[in-house]
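Think of it as A, B and C in the order they're written, each chain with its own count starting at 1.
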């Protein structure tokens, strides 16, 4: 069940990555690379830092097939019609929630401290999108605005906290997904955002 | 033999990296860093994801010496004369072909699935150039145009397929190098490129 | 003692990262991420390439707490007053010196060749700042000007050379820190820099 959700999140992230690549007028190969990186980048960095050798998509190439297929389909379909951005945002929020829980869960399985499990959850959820933005020549969006990573953080904290209280994993996962999903959808709906760094340094802007 | 070709590819990639750094007016240190990253970045990511500890240039620092020397020589020589871009493109195509085969071969040695060996081949061939472009403040060229990664993909698929058919490694390597080299040189000669993502989203361009 | 200096360097790098993030008007989350990446990025890449599983901040989450706290405090304090850039530059030079020695020392402990220990020292000292610049949408500063990485290189070479001559680690560390610190402060004071790549390729600038 969680495996199927994971593959669903992989496909969704590959689609959002491919669309971002398309906006930069990349060729087919570029679209597939950005799709793969968006879908697999977070989990890859998580596995590398945790010391999970080899990384998950080498142990199970299904992830590669799902992400590549989603990217190629996006490339093909985008010639004929636009993607509905509302549906995509909700699907992306769902993918974020799933990836966050899976990352935190995997870290706990490695016996890490709770704070590390939270970081691994966020890393799994947001790093793919960050690399996507860097490869597209942009400052990563999640660093600049909107409650995106914060939704991931909240779900990861919830999951790690619940895991210490009860072994009912199915319940813990469901509640943590709801937290991330609810926060993220609320942020989209009401355009919530965190405070921005105060403008502080006219003298420093040329550093 | 393949080791000498590998060092040749390392030197060539260091030269192209150094020249790219030069175009951005980096200092000597920057030129050497970009040269090293271009030459060693792909193999490093391959070894990290495969779980090959430690990475190849730690086991054998010859790669460091070759890449650093090539970068410093490029820096020194570029003061007096221009590099012939035609020769460089051919040498770079040869380096791409070698790196691709070596990456795929190493992955197969780790017992990965064929699709993973293909990905490791491409990764070894193109990731160094991608990091070079990112460090230079540009969107990676290979994501945007020209048959570059596609030549790497073709050579990797050829090598992995041949490896399942016959144990004659020398022949397999030669044929796979020819495929990559031929495709890449043809792409340079006739300016071939993949289809580009259709312009699809005037409403999305401000995402 | 060296552990406390390491945590001091971690805090200083987190502060400089947070200030850079602030200049880009990132939100609180972005500031903390850039702070963490600046403080921990170099050591993370060092541990990944060395094969030190898991990376240091997973083994000891104190680094996470120090870097996150420094980032949040920077975010809070910057609302009320500017940071004294002179003090920051000196603190940053000190952090660079410490990180360099720790990186080289850890590599020697893994039994690497001297040249690799030098590279690991530089990597620990400068990679965090490079990722900070990339995430901020800029070409890494250290590739372009000023004796920064060169100070790190000199300290690393000094430390590795001394380590082969005498087992007096306390003395070796002190001397190597002095070399890096002295060079870096001299570079700030007199605006020293390395030669820049000659402008060589008007024909190539459109590559």
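Here is the rule we go by: a contact is a pair of C-beta atoms (placed from the backbone, for glycine too) under 8 Å apart; a residue touches a chain by one contact, two chains touch by 3 or more.
What you see is a predicted model, and the numbers here were worked out from it, not measured in a lab.
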Report summary line: If CA atoms of chain A are superposed on chain B, the rotation in degrees (nearest 5) amounts to 120
Query raised in the report: Taking all residue numbers at the chain B/chain C interface, are over half used by both copies (same) or under half (different)?
Result: different
Requested in this report: Can you check how far apart chain B and chain C are, centre to centre, with Cα atoms defining each centre and the answer in Å?
Outcome: 28
Report task. Name the residues of chain B that each touch 2 or more other chains. Result -> 48, 53, 134
Report summary line: Touching chain C in the complex, chain A uses residues 48-51, 53, 110, 112-113, 115-116, 119, 130, 134, 138-140, 142-145, 149-150, 153, 193-201, 203-205, 207
Report summary line: The answer for chain B against chain C in the complex is residues 19, 21-31, 33-34, 44, 48, 53-55, 57-58, 61, 64-65, 75, 78-79, 82, 85, 134-137
